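Next, two complexes with chain A in common: one pairs it with chain B, the other with chain C.
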Partner chain A sequence: MSNNSPSAGEAPVVEVQDLRVTFERKHDRLEAVRGLNLHVYSGEAVGIVGESGSGKSVSVRTLLGLAGANATVTAKKLDIFGTDARRLSERGWRAIRGGKIGLVLQDALVSLDPLRTIEQEIGETLKLHDIVPRNQIHDRVIELLTEVGMPDPELRAKQHPHELSGGLRQRALIASAIASEPALLIADEPTTALDTTVQAQVLELLDARRRAGTALLLVSHDLAVVANVCDRVVVMKDGYLVEEGPSQQVLRHPTQEYTRNLLAAIPSAESRGLTLSSADRHPLPPRRVERDSIVLRADGVSRNFKAPDGRVCHAVRDVSLEVARGESLGIVGESGSGKSTFAKILVGLLEPSGGQVQLEGQPWSPLSDKERRDRRRKIQLIAQDPLSSFDPRYSVEQVLAEPLQSQGLTRDDIAARIRQTLELVNLTHVPVAASPRTFSGGERQRLAIARALIAEPDVLVADEPVSALDVSVQAQILDLLADVQARTGAALVFISHDLGVVHHLADRVLVMKDGFDVEHGAATTVFTNPTDDYTKELLAALPKLPIPDNQDQSKP
Partner chain B sequence: MVTSRKSRDAGIAPRIWAVTMSAVPLDLLPSVHEEAEAGARHARVWYLLRRALARLAQGAFVVWAAGTLIFIAVQIAPGEVIDTLLGANSNDISLRQQITQEWGLDHPPTVQYLLYFARLLRGDLGTSYVEHRTVNSLLADQLSPTVELTLWGFGIAVVLAVILATFTSGRSRIGKGISQAFELTLVSVPPFWLGMLLLSIFSFRLGWFPVAGTAGVRAVILPALAIGLPIGCFLAQVLREGLDRALEQPFALTARARGASLIGVKWVHALRHASLPALTIGGLTFGNLLGGAVICEQVFGRPGLGQLAVHAINTTDIPVILAVGMLSAVVFVVITTVIDLVYLAVDPRLRSEAQWSEAGK
Partner chain C sequence: MSAFAVDSIDDATEARVSVAPNLGLARRLVTGVTQAWTSINRAPLGLYLAGAYLVVVLVAVFVPQLISQVDPTHQDLLQVNRAPSAAHIAGTDYLGRDVFSRVIYGARYSLLIGLGATGISAIVGVILGVSAGIAAKWVDTALMRFVDILASFPSILLALVVIALIGPGLTNLIIALGVSHIPSYARVVRAQTLQVIRSGYVEQARTLGLTRLRLTVRHVLPNALGVVPVLATIGLGGAIIGAAALSFIGMGPQPPTPEWGAILSESRSYLRIAWWTGIFPGIALTLTVITSTVLGRAWQTAYERRGK
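Let's look at the complex of A and B:
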């Protein structure tokens, strides 16, 4: 583990050796962090990467003395600005928090107090540390907002978090964290809920702080984000430190199996046609696209919503598409682009205000529910959060039997179909009487896919089906979808904000912005040779990973 | 995730005036551009004004409905209306004529209804034929001890609830357990028993407070405690649950990370969040107290609306019973309206909650 920090001579801002954090729970103990070593110098950016449960968030909260009331923290060394933090009093911690270390959390909609104005929130840091006299707080808040690139700071200071867009909220949150000009800025998943273009702006803002001399500790599940910002990276899994080193080295020449798997799991242009869930990517099973057989067709579909004050929002404006049997179509767009509304119209859950949808050449929408009912099973929706789309009292068996109720099958037939479908989605290890609530995120999404498949649909519409999942679980679900498509011949409409995922799996792509279809065409063409400015902007904002050398070597 | 949390909040706070959350996912809402900001603010003011007017209209409707129900109840009560109103004085011929004239009983029911509402609108609640006084003057006498007791009792409850909740939320299970045991005890003790206990200790044994009556502030302390302690403990439980939930939110961690102390985060951030569900419950309790706390009044020998109502029922003093019923309806309408407005003041998100609906096709 080399140490090529920019200022190796001076003492690190934070130095941690063998950090262990254990949570005492009612009946057992949870070892969240098991032996973490970490050091950060000023002006340096260090990334901590890991999946959910890896202990990365707990680790950085420990640096603020905020691991939690029932946590036991031990370490061989826990030095913060040269002071032994193991002996710090609560008063000592409070001087460090906000004063010397700033914290930026995920999604400022809930990380800023929703009942207080931006000015009150940023002013809180200034007041707690007596940074400026009370009568200058307002001026300093405006300065800070200007510093983080907030347009119209006087107006924004008076507003509440929900009145700002995601990107502006995150800027306000960063402003509150840097109000006392801390020497270390900890950012815990600071861009996770943001659109790609906004993510790029926020990362640039954090990087600018680092260039100005602040040490940056960036926690993320996203290797590409870390690779673009951080000098060094620490990979964590189940509380253990797996691998540590300069970003380029770790990402190009990972020495650990886990890191290699994690890198291989990231969908991208390079992974097209290959599996993601193992380090040595295999070719995906072949899929037959019947170009002449159009299963789903939308013609000039529009959809409006009306606000109580009479303003009209055009969520979808004149969008058309054709999906062939067995084909994968990706719909890409940022929040507010109308992609989810469009998905609902395609599935027939929402009527279009204009235009029409045809399913297998027959009118599908607008159409009365009665006329739609016997063809409902042909097009199925897979939602982002499957749990909330299951009846919480239903067992696996009941969830899967529901779509079959109207088909006049015997009990044995239904049981057989459930067995077959669970095999198809690799979910045979769970008892059919179990409740989906006890499942992991990946298992839930498998069950959601099984429920869509059991009706034997011709079209699957998946709305952000992997957005809430860890990279390795996402890889398994994407592999599963490809496998299912190859076996059943179903067409897939895949809606996502993640360009990498869409590039990995889609034959054709539709890019949406403000309800418009801004560009569509073959995925390789749109992604490598975009014609629309917005598509270009999206692609430019995408954080890119260095191509791992090991990957090329492992291929025959 | 966001929607599930919101719906959980809504479930815990039984809103009188449900503000339905937008059914459309947030990512459908158009981003507000700079130039549109002023227009949007203008539209929001209109939206709030319309909502306030709708709220007032609804309040007026509830008062009207309560008055109408009372009128119908008198009409369909067994026997003649005049006998119902006369109560125990059914043999008094001159009184019979007076009531017939006052209530317009020689006219058809529709005319009676209009006359009745005309009197209500004038603020004339009629005459008590038992007490031989106007109902207005009877109410006026009883109102001030009731308001005094309500304000003191509720004040004690709020202070107790805030102290208990802020000091025991987010703490160890032991501190919370002790506080909860204390609260549960006080909540489950019958109010008359608590009243008698307070009386026997502080009035009979120690002689600190008068045994009965309404003279001075000292006379109101014990009955206010008897009312306020159980309500305070109940509110403390609601408030603490809200505080604990708010402390788990990311913004509480952000505030701690700015250097705020735990108690500071509770005061500055969490208490406001926790107050929303407590407001609804507290407001309704306040309304109940204003309607009269008859048991407490009885134990401490205090006058008040509760005593008035019980006395009126015992003596079949129908005009007074009707007036107390009407007063309760008005009190509840006023209180729910105030709660609704306070909600808007506390939670800015409700002020700009856009409810999108389908536009014309």
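Let's look at the complex of A and C:
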């Protein structure tokens, strides 16, 4: 960190003082950024962290003159490469965009033109800014692709974005962003949609650019990512600058309450058995695991799909598990590992091609839909996107009443049960006649959990229930799940790509790759002492946070 | 005016065959006109005008006496082909009938045919579409191939075939037009049904142990059919034009019924000496079609935006 701090006389690449961005809307105004100070030197990496709505993306877009047509931008100082950007014309901005500043966005599939090949995409930047003579464009594109570690660059250059995997697309996007050798590279959530192992590669790539002298401005909601790449970090909330300083210092000795809460909210090995939603972590309510009472059991479950071209795709191959009453089992894997297919088989939405699932000691998967109907309430699914799991016409009340129908309850009973369940998930402040559409992401997920609970299930299967949520909301939902489990004694099968989350809550863990069970066992054993190479690779790729000092003291 | 009607049939038929087998008769033409028209009137002014016109049409349908007390079939051979004047504000036709009155009383027939035909297409289309969406794969395939066969005929030709089989007349015209527009409804409803069936909330409802019937009645139908009234409103314009077109060539209600297509047909021979006999029913027809399309599109926009 200190070895690449700027020499005294050097001017920063970007210097911003008291940046304010306001959006005029039809009836009101939204102050997206309210007083941001920022400076980035060559060869330095600065991270902007914050949750959704914190103004971090708007801030970096303003540096490209892309704040938007209805935005009012004011600043005491907005210097980009020594020029006052407040006076720049659209023409002036165009010379900066793609030329002096490169931008890497989150989703490479929507950021790359689907009709153009990778070579055309990267070549355009080269042409636009007259970086190399026309006849050398092809060679330069191949050079750039090689530089970002694209395997087989000659072939990839001729391909279209949809022919590449997520990781390769992100590499192509970075190659395009660095084509003009920009002095500043802005990356807005560049790894959010990527698997952990791919994320590690992309971060390494960005870091290599920084070491080569490019200034890097990294926007992320993930503190661990920022901690691993950035020299300095800026924490934003609601458009305000909350805290700013060297990464290690901010993350180890946060001075602001908000930063402390944000850090405490991150689930990890250290947070096992503790709450996440407050800065001073409390112990979680005790949960009774009845080892002898197996509520869910899968024996050698497989599932094949037939691809349109006739090939057979093995989504799940011979996976077994046992879940005891009250237990939390984590299933981790990257995209395409078959974990969601497996979840659907467990709750009985898909039939296994081989093997069997047993629910409470009784056969489950081989039964017909009709035979299963009465027991379906016993195993409930919590989906990743709660909103799409509610009928768009339904109110909170209707969503929660549905599982209770055909149980012979009176209307008063149903209303009472709904009230109790809403209390259980801390959702008493919403009117029961409201539509879930008007809810925030956290409230929606609470409602989804309430709907699963009202059926009084013995097993909850949660498929990536927190991956679309902000860290602080995720913390509340994870605390809620632990609380609910302690109170109802339900077993939890928790599926996630996030190793930190699983390490935080799971008693036992199952690691999946390409449909196989590559490793399973007690969570602490698997995470601290992995035996399988893939598990080791996953763990190594996981960005780690520096341990805050207040926790250092609490440990011997 | 006769030229307008004939051209619209040709254009629409060609468009159907070459470009968009899914679009109803003449809807493409109507859409084009409407789009140009709405882009000029970005403001909701167009909507207000359409609403106001709709009120006039509804009055003409239910209480035409309020607008014109003259009997639309009353002939006055001493007042043949008179130009618009204070006595006959839209002139008279070759039998001395009051053109304004004929247009007003004709609204009832055109609307009846349009609504009836749209109703038949929508109801049969919904039944076919939902069945194809929820039934076993072979049922789906069988139903949709049948729909494909219907759709492979230009709808005006299909309507003509039906009329050839069952004969001309008001009821038969409604049936013929209704049958010819079934495919577009069936396809849209099937697609919507499939989308709802694969949605998260139907999946979730399955985990609650709902029966197939309950699932269909409670979740699939209400969500899949929401789009049908919108489609029907837009389709109404096409059906009215189709009705006028078939009537024009004598396949609809027979004289002296004051149906717009029939009036246009009768005016054809006198256009050179009595333009008003064609222009006024033509304007009424065009405005009605535009109105239903404008209202339908506005509804569609609101429908697609709901909850976003």
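Keep in mind that, in the parts below, the second predicted complex is superposed on the first by the 544 of 556 C-alpha atoms of A that agree within 3 Å, B and C clash if a C-alpha of one lies under 4 Å from a C-alpha of the other, contacts with A are read in each partner's own complex, and residues count from 1 in each chain.
Going forward, a residue touches a chain if its C-beta (ideal position, glycine included) is under 8 Å from a C-beta of that chain, and two chains touch if they have at least 3 such contacts.
It should be emphasised that the depicted structure is a prediction, and the values quoted were computed from it without experimental measurement.
The wider contact with chain A, measured as residues touched, comes from B rather than the other of chain B and chain C. Of the two partner chains placed around the shared chain by superposition, chain B is the only one that A:N304 touches, whereas chain C remains out of contact. In the superposed model, A:V319 makes contact with neither chain B nor chain C.
With both structures placed on the common chain, the touch criterion links A:S165 to chain B but leaves chain C unconnected. Shared-chain residue A:P114: touches chain B; no touch with chain C. In the superposed model, A:G354 lies in contact with chain B only, and not with chain C. In the superposition on chain A, contact is made by A:S388 with both chain B and chain C.
Of the two partner chains, neither chain B nor chain C is touched by A:V21. Judged by the document's definition of touching, chain A residues 385, 388 lie at the interface with chain B and also at the interface with chain C.
The residues of chain B lying in touch with chain A in their complex are 1-2, 4, 24-32, 34, 37, 43-44, 46-47, 50, 170, 172, 249-251, 253-261, 264, 268-269, 272-273, 346-349, 352, 354-361. Chain A contributes residues 61, 64, 66, 69, 90, 94-99, 101-103, 105-107, 109-116, 124-125, 128-129, 151-152, 155, 160, 162-163, 165, 173, 176-177, 304-313, 315, 335-338, 340-341, 351, 353-354, 385, 388, 514 to its touches with chain B in the complex. Note for the complex: chain A touches chain C at residues 347-349, 369, 372-377, 379-381, 383, 385, 388-394, 402-403, 435, 437, 451, 455.
By the touch criterion given at the top, residues 199-201, 203-212, 218-219, 222-223, 307 of chain C touch chain A in their complex.
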